[in-house]
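Listed next: structures, encoded as structure tokens.
Note that chain A is present in both complexes that follow, paired respectively with chain B and with chain C.
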Partner chain A sequence: MSGIVVTGISPGMGRRLGQQAREWLPALVVFALAIAAWEGAIAAFHIQQFLLPKPSDIVKSCWEQRHTLWPAGWYTFKEALGGFVIGSLAGMAAATLIGRFKTLGAALMPIAIAANAIPIIAFAPIFNQWFDPLSPNSKMAIAAVLCFLPVMVNTLRGLQSASPRQVELMRSYAASSFTIWRRVRVPTALPYVFTALKVASVLAMIGAVVGEYFGGSYDALGVLIRSKAQILDFTTAWAGILVASLLGIALYAAVVACERLVVRWAPEARDS
Partner chain B sequence: MSSAAAATLPTRRTFTAPLAAGTKRAAAVVCVLAALVGLYELYHWVWVSTGWTHPFVVDDTTMPHIWVILHALWQPAQVNQPALGTILFHKSLFTAKEAAVGFGLGAVIGFAIGVVLVHSRLLTRGFLPYIVASQTIPILAIAPMVVIWVNPKLPAGVQGWGSVAVIAAYLTFFPVAINTLRGLQSADPRALELMRTYAASRWTVLWKLRVPTSLPYVFAALKIAATASVVGAIIGELPSGLQDGLGGAILNFNQYYSIEPQELWATNIVAALLGIIFFVGVVAAEKAIVRRAPETVE
Partner chain C sequence: MSESGNVVEIAGVTKTFPQGNVTALENIDLTLRPGEFVSLIGPSGCGKSTLLRVIGDLIEPTRGTVTINGKTARQARADRDYGIVFQDAVLFEWRNVAKNIAVPLELLGWDRAKRKERVRQMLELVELSGFADHHPWQLSGGMQQRVAIARALAFEPALLLMDEPFGALDEMTRERLNLELLSIWAKLGSTVVFVTHSISEAVFLSTRVVVMSPRPGRIAGIVDVDLPAQRSVETREDPRYFELVTEVRELLRSRGEHLLPEEEAALRSSHE
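Right after this comes the complex of A and B.
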């Protein structure tokens, strides 16, 4: 079950990132064609502005309202980042603890996987009641809980996937269990951890925005998108969505960059 | 590939071994559930008796007792109405319908995308970045637009819940597309070459080799997609104003939280069960279909 976490990246994409721009040419062409088709379709079929605004209008609105949109995005981004850090650290800590005790891990694993199937977003209103709905803490908590499970499950799987032969070799050299953990288990686990962190980075941003749907500060992006959609100002709403996506991609890209810095020794692991 | 051995193995096995394993697992689940409930009540008791307010104030509103939540399921939420449990059961059926349709739609689209992309590196390079980027879009933010946009185009019978199913499908297609692509690409190159030397058509290679190899990957994705479809259905209901599903119930009970917190908790527990049921359903399907996959993806 590699599957609790799906990597958002095709085989080799991480490695290709730095390579020739030629690799990215098809993507750029698709982008240009899609934008042109979007603009053209609106002009050709007279799609009403409020349903699907033109991309040029969205970008324009993104720029014109930068003084409200970007601070709101930053506010939500901080919530997502806080939740991401707290949830991921807690997930790794829990996995390290559980990994120490084999039977506990074996008993908890199926439950953790089942718990992963719980639509945690549905609990967002309860977090809003626990922490003040207007405070960023409630969104941070939602994002943290969303990040916790995938990181924990994948870290545990990574720690357990160390090759028995390597562990035995270390034992034969009389290495302490801490040394084995430090030299074998953690390096083996890191690619798994980063796979989970990539998923968690996307979840954190979504968790923060969704949490704001159930009530949040007026400075927040989710509240802004919702209120603009309610007054049918869809151009601004889409501009807000664009900001949210860009920030989500930025967090994702930051995790990918960290992965490339940290997991140097396992080139094949980057692909998985 | 010792497919012959793998095929005979399961039939030889007696039924007692899996049964015993099942009982053991069920016992473990009950133990952990009991432990979780115990922890919850312990936390409640410690925080209330010591008066701690960090990280949040604990009282019967913020953390209602488990028995109060369970009891609420047998109580009518409003006067002259059936029990909350009955209402939530019907609401979860409605949400399950949206999620199941979205799941099916998303899985088929995702699989088709994977099949198309595996045959063209150019298309993969052109589209994959956007398939990945599409998941960073907070779907809840788009949901109102999708509802307004999709609803009028749907036939009368599926209006309302149909647009929610579209949102569920949107969350479903991504993991399936990515993992189908990975699974189809993971076919053994030697087997591919062998097929080619026999002049097998692309179609034959796809169905006889690539698809069987990809199944474990696809099911890994379907497990994620099962949850995602339930999440999508609940989230999609929020801005659509639909009152028949769990999402509507969550919005509704959220407003009465300060008086009747146990109703929101009960709704969330039902939502959690629905997610787990979907997940277990896919696991069961995987057990039935991928029984003979020689190398399961761990």
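Right after this comes the complex of A and C.
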């Protein structure tokens, strides 16, 4: 086994890209077929526009109304991003404290696990009142609370998953508990943290959009979707949903990209 | 080094575990002189791994004292007087081979250039030059264990503690690593405590074999290995080698009334 140095685009890299394309092909085919079936069914069964618009109309509307839809999407995306960052950081900080002080953990963990079962989105109207319904802060708060628990629970599990042997080895070097935390517990926890961040990125977008359904600025995507649906302009409402989906996917993809960069040793990264 | 010149002095060490009221070690006395290679052998439950951890101050004895280089075991650990190797390599999967070997050097505060030079030397010593940039999962079990040995020796501790380091490897790899370990030991002249349950391995490697018996863990007898200091493949065919293997086996068997049937079977199979 010798070190393999890849410089520029090698035949191996081309092969790997080809292989990836083949892996994605079935999903792409199914997706294309589903869209085609949707489009065809509307024509074949004369489905009314307000019940289900054609995918081509949705995409067209997404383009024609780009000057209202995308700024609205960006407005909502910033709320989601803010909530994601605040909630995730708070979750990691809480997990660090709970991991450090065992009694705190014993007191808080049962409550946290119970709180995890609460449909937090139900609080959206209340949060709107607490943090001014027209300001982005109320949506950020909902998104942050949604992100907090999964990140906290998973980070804590990660911090507690350090191999006892690795800890014993560090103790044999007379390492302090802070050194053990930094050099063993944190690296062990990182794959767990990223799993939670991926979940949280999706929740953040849900929290922001649903929060806006209960009232918000006219610049916001959730408000736009709701008002278009009320005046039976379903094509635009669907176009808004498409924008929300694309932005949600973008946030998720950004987290995945960070994970690839940071967690290079994890099993998923070993495939190549 | 202490006034007596001994590297390790174990006096009246007893260890009871409160859970299940198990006496893992009872009244152990043992002294190691500089440059000795001492194996601890016995069936499972004889406390050989516990004794190793008591020497390394990873487990505190209930009674008795351990003195290393004239210091308490605690002080010796704080001074990084020993390196340790476990049955699994216990490598950090997020660090490559070079950075794994550098862990104790980082904790000792060595600068980058000094670390790099020492890691290069250690890789040469364990014949892994060219694998510096590999990650642990890219290496075979035997290679991983060599990395662990390089890491344990990187800061030139006077004492090397090894807890069944080759127990998880196949017979051929094990015999090769036995020879490699002896050549490293000859070069560095450190004192070695080697836990094993292979009689042949213990006799082949050691200057003394300490035979332990279980429940409670005691020293059943000590066999001085008077084979030529320079061991080689031929040593395993030396008539004296067979006599010593038999002597160790007899000592283990004389305590056979303490063994559970499955331990008896395990012991018999390990004789082959």
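The criterion applied here is as follows: the second predicted complex is superposed on the first by the 246 of 272 C-alpha atoms of A that agree within 3 Å, B and C clash if a C-alpha of one lies under 4 Å from a C-alpha of the other, contacts with A are read in each partner's own complex, and residues count from 1 in each chain.
In this section, a residue touches a chain if its C-beta (ideal position, glycine included) is under 8 Å from a C-beta of that chain, and two chains touch if they have at least 3 such contacts.
This is a predicted model, so every value here is computed, not measured.
Considered on the superposed chain A, chain B and chain C are sterically compatible, since they fit side by side. Of the two partner chains placed by superposition, only chain B is touched by A:209; chain C is not. In the superposition on chain A, no contact is made by A:181 with either chain B or chain C.
Touch counts on chain A: comparing chain C and chain B, the chain ahead is B.
Shared-chain residue A:52: touches chain B; no touch with chain C.
In the overlay built on the shared chain, the residue A:248 is in contact with chain B alone; chain C does not reach it.
After overlaying the two complexes on the shared chain, residue contacts for A:171 are found with chain C alone; chain B is out of touch.
Taking every C-alpha atom of chain B against every C-alpha atom of chain C, the smallest gap after superposition is 17 Å. Common to the chain B and chain C contact sets on chain A are residues 1-3. Contact residues on chain C toward chain A in their complex (touch as defined above): 56, 58, 77-80, 82-84, 86, 88, 90, 92-94, 103-104, 107, 130-131, 133-135, 137-138.
Across the complex, chain A is touched by residues 25, 28-29, 31-32, 55-56, 61-62, 122-130, 132-133, 135-142, 144-145, 148-149, 174-175, 178-179, 181-182, 185, 217, 219-221, 223-224, 226-227, 230-231, 234-235, 238-239, 246-247, 250, 254, 257, 261, 264-265, 267-268, 271-272, 274-276, 278-280, 297-298 of chain B. Remark: chain A residues 1-11, 13, 23-27, 29-31, 34, 51-52, 107-108, 110-111, 114, 116-119, 121-123, 125-126, 128-131, 137, 161, 202, 205-206, 209-210, 213-214, 222, 225-226, 229-230, 234, 237-238, 240-241, 244-245, 248-249, 252 touch chain B in the complex. The touching residues of chain A, when paired with chain C in their complex, are 1-3, 163, 165-166, 168-169, 171-175, 179, 183-184, 187, 190, 263-265, 270.
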